[in-house]
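Quick one: this structure, given as structure tokens, is what I'll be asking you about.
Letters are used for the chains, namely A, B, C and D, taken in the order the chains are written, and counting of residues starts over at 1 for each.
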Amino acid sequence: MSVDALYQEIILDHYKHPRGKGLLGDSLAESFQVNPTCGDEVTVQVAGSAADVLIGYEGQGCSISQASASVMSEMLNGASVATMKEKRDAFIELMHAKGLGEPDEEILEDGVAFAGVAKYPARVKCALLPWMALQDAAIKAGLITEEKS
Amino acid sequence: MSVDALYQEIILDHYKHPRGKGLLGDSLAESFQVNPTCGDEVTVQVAGSAADVLIGYEGQGCSISQASASVMSEMLNGASVATMKEKRDAFIELMHAKGLGEPDEEILEDGVAFAGVAKYPARVKCALLPWMALQDAAIKAGLITEEKS
Amino acid sequence: MASVLDVARIKKDFPILSRTVRGGHPLVYLDSAATSQKPECVLDAERTFYETSNAAVHRGAHQLAEEATQAYEDARAAIAGFVGGAPEDLVFTKNATEGINLVSYAFSNATAESAWGGAPDPRFILAPGDTILVTEMEHHANLIPWQQVCARTGASLRWIPLTEDGRLDLTNLASLIDSTTKIVSVVHQSNILGTINPVRQIMDAAHSVGALGLVDACQSVPHMPVNVDDLGADFITWSGHKMLGPTGIGLLWGRTEALNGMSPFLSGGSMIESVYMDHSTFAAAPSRFEAGVPMVAQSVGLARAVAYLDDLGMDAVHAHETELTAYALSALEQVPGVQIIGPANNVDRGSAISFTVDGIHPHDVGQILDSEGVAVRVGHHCAWPTCRHFGVPATTRISTYIYNDSSDIDIAIEAISTAQRYFGTRV
Amino acid sequence: MASVLDVARIKKDFPILSRTVRGGHPLVYLDSAATSQKPECVLDAERTFYETSNAAVHRGAHQLAEEATQAYEDARAAIAGFVGGAPEDLVFTKNATEGINLVSYAFSNATAESAWGGAPDPRFILAPGDTILVTEMEHHANLIPWQQVCARTGASLRWIPLTEDGRLDLTNLASLIDSTTKIVSVVHQSNILGTINPVRQIMDAAHSVGALGLVDACQSVPHMPVNVDDLGADFITWSGHKMLGPTGIGLLWGRTEALNGMSPFLSGGSMIESVYMDHSTFAAAPSRFEAGVPMVAQSVGLARAVAYLDDLGMDAVHAHETELTAYALSALEQVPGVQIIGPANNVDRGSAISFTVDGIHPHDVGQILDSEGVAVRVGHHCAWPTCRHFGVPATTRISTYIYNDSSDIDIAIEAISTAQRYFGTRV
């Protein structure tokens, strides 16, 4: 089906079996984000240190937003802030590539499965939702400084 | 010229030589009306009695509005309220006839010259301006009662 | 299913319906509650206007200006006539949202003016203790403007709650509408639930306490015969783009004296009587509410749209939709795992049908439908509080119009099953 | 007169220009300051949108909705780019009048909200003693909204007076703009006098006291290169229909932080972040100011219009108009009895030329011109106080655009002489 590019196996798997889902007992900061057009919600928490970031999340929404949160959490839990930024930039770039991006699997790991999402502008916002929450929480926590998004 | 139907000799004559122009010393009531799209202005006063209405007017504006005031004044000065209403109705009907009206010269006198004005929607308002002022002043003076215009 | 409308012939009038989407699927357009498609005759009317008579209206003394003004005022008369109203009671807005805002600002503007020495119509002046009544099934367009009026005046918002089957719970209407009520603003037909509300009863209740009443008729005027006198409202708003007309044009009908009781909303050219540097006076309605160069070409297009609907006959349009809705409801009921959000029976119900599919998020349902050529809407449908009431984050909605028939429904139903197989919730 | 533009070729792009009026006269359209005509490519773009991609934007998950959203946002980027702005700083309105009202309501709304416990941006809160500055040559659209804000907040209106030759008298600018000034709103190019004002100087003066500044660019954006950074304003408004675009669409550009400091204006769908029955939160600009289904097809048409203008080059457009204005001014000067209202020289001057003809009312001048096929505007041009300043009830105005050449002026001049002979003021 034409949607197979959107709903990669990896995405459906993360959707059905989310990794690392749940809130942290204690956190440095958290951010709640909604997608105002469809009501998808996600809360992302950050804890730990610049060398070892811990991520918790909760949410409800479509397969894309929830799988994206799961992939993000798997990819970034225990990473350094520098790695987090690198992967975040790569993921955002991929989402804005209109489906023409050639993601680097070394950097994006399971995130490469989202390449096809970028062909569906309405779904790009879904995929980015947890990443926006992470960005906001990390700023609040003082792990990164305000930057143009 | 195509405008000859609009600018009848009679109209241009009334414009250049307005009849009965000027305000009355004393009046029962007066009404000031403007055409908000072009700024034409006219003030109409009524005096006298139901059997013998006196009309004064002042104004500035285009040939059509000023000639209409002159024709109206000439036609109605000294008329009864009943005659005034009859002529007013006939004039208004003529103005809404889109140029297809066949005016009765017995009733409308020089007013028949305005038949061609009705072909120019933007000028109908000009021609009706003094009549609207008359209507309003006569109501204020208690000579006629409020009616749907 | 045989229809009272000749849908096959109607489809031919809509060029877009012959296109394909997503790699060759014929387009099945089931999103008319969001916006309708436009028949060729509407596009032709608009274009002809631009090519022959385009000019600023109510302004020039030249022939084009005359023709444009005539076209604009003829359109006003035709559209007013379509709902049984008089031309001088019909105001052109850019969409229905502007129409509702226009009325809502009459309240906050009158309130502010009266604080600074103005003497507006007292019906529009609000103070703490005054209340405004809406319902829990309003489109955001008929909710947020009233929240904002409250934030600007100290008045309070009340709402009529919903029953479990998506109807208004009128049990406590008598206590919701009382001497504090200044305006009651209610949707005629819900865009998310499909419910048709007893607006006459609610308007009468509003009038019994001296309050004004507004009906949001966005989803009713395009789909059923609507007569302004029958509704019993003081104001009715709807949009052109949902009834075959162009984007960028909406309508506000008001009772003459209600309209003329309102302070101006947008101010500028064409809505004035006299203007000085330090003060101005204003024209009567409808001009008072039409500042600036208006949507002239769009009014001409919309007038052509109402002529098209009149040719079909609004009774026939309504009968067609009622039939199709019955067909869709019973087809959906037979799909395991589908839950209808809103009235499940076809009584007092329009053609918008919201539903959820167990185990699949509405967004994903919509995406699979799209991949099969079926265009539906997913989300909260600008009625987020209604979603909250039903405990769902979003729904998938199918909504039909004159160019849909039962085969469109069949394709949608089949696509729902495809989605269930795709996401493994059904074998 | 040779022109920098190939006017003969351009005329062919405008179907309406080949029609005749009043019994066979070729149309000479000299009323572009009221509204411009539309080239075929703009009409095609709009129609193609309806026939292929029409859908509600920012809402559906289906392919048409995606395409419509893309078309709408591409249009925003193209139009913003035309004036050197960023897409996220450009708000679509229905006309320029709505744009100015939007900014004016930010003041009265913030003032009202702050009285009821809200915490709006303090720059928009007004109180008695605060002042708003306009000029004596404003279009009603940039005068009455500010009069109304004063009536709703207790603030006072000031204005920059005019000199005898129709320029702003800036002698007392330093006392007109002082610590009480909250906003300065000034027309860039007068639609009645043709004057081009030194808006940069005035905006800088506004900013020097911490006031905000708005430029009404309705008559400049269509006719000369305009760059938002160069103007130095916080807000700029203009309309689409005066620059080859469809009716029903206007623009408000604002500095990001100025836009995001404003309370919502129209509220409803698509401008929200979260909605509950008792409160809502709002999206950032531009969405915050675009409630309801917007003018999608019109945005597509307008984007095509700016591409058309870009192809000609705005420098060339401006040079063409400057030439044509010089030609018209000197031709008019040679007609006995003609008085120009506004700058008689061609310095800092646009192409709108108002004049009176001794002994003939402007309405009658316009009528004779019309009977010769020449479409001009007569009246106060929505600048009634400006007419009062010059002691005239009205003027006749010719205004040119890219599709006019010197032969159009020649025909108009000849028709003025005809009017003089007709009314017997010249032999």
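Criterion: a contact is a pair of C-beta atoms (placed from the backbone, for glycine too) under 8 Å apart; a residue touches a chain by one contact, two chains touch by 3 or more.
Keep in mind it's a predicted model, so treat the numbers as computed, not measured.
J.: By label order, what chains touch subunit A and subunit D together?
T.: In this structure, the chains that contact subunit D and also subunit A are C.
J.: Return the chains common to the contact lists of subunit B and subunit C.
T.: Looking at subunit C and subunit B together, the chains touching each of them are D.
J.: Mind checking the centre-to-centre distance between subunit A and subunit B? Centres are C-alpha means, answer in whole Å.
T.: 76
J.: CA centre of subunit A versus CA centre of subunit C: separation in Å?
T.: 37
J.: Counting only Cα atoms for the centres, state how far subunit C is from subunit D in Å.
T.: Spacing between the chain centres: roughly 30 Å.
J.: What are the residues of subunit C that contact at least two other chains?
T.: In subunit C, residues 22, 59-61, 65, 272, 274, 363, 367, 378-379, 384 touch at least two other chains, as defined above.
J.: Could you list which residues of subunit A touch at least two other chains?
T.: 37, 120, 123
J.: Which of the residues in subunit A come into contact with subunit C in the complex?
T.: By the definition above, subunit A touches subunit C via 1-3, 6-7, 12, 37-41, 60-64, 120, 123, 126.
J.: Within their complex, state which residues of subunit C touch subunit B.
T.: 58-61, 65-66, 69-70, 272-274, 283
J.: Give every residue of subunit D touching subunit C within the complex, in rising order.
T.: Of all residues in subunit D, those touching subunit C are 15-16, 19, 21-22, 27, 29, 31, 34-35, 37-38, 43, 46-47, 50-56, 59-65, 94-98, 100-101, 105, 108-109, 111-113, 116, 118, 136, 139-145, 147-148, 151-154, 157, 159, 239, 241, 246-250, 264, 266-270, 272, 274-280, 291-298, 363, 366-367, 369-370, 374-379, 382, 384-385, 388.
J.: Which residues of subunit D touch subunit B in their complex?
T.: By the definition above, subunit D touches subunit B via 22-23, 361-364, 367-368, 371, 378-380, 384, 387, 393-394, 422-423.
J.: Contact residues on subunit A for subunit D in the complex?
T.: 34, 36-37, 120-123
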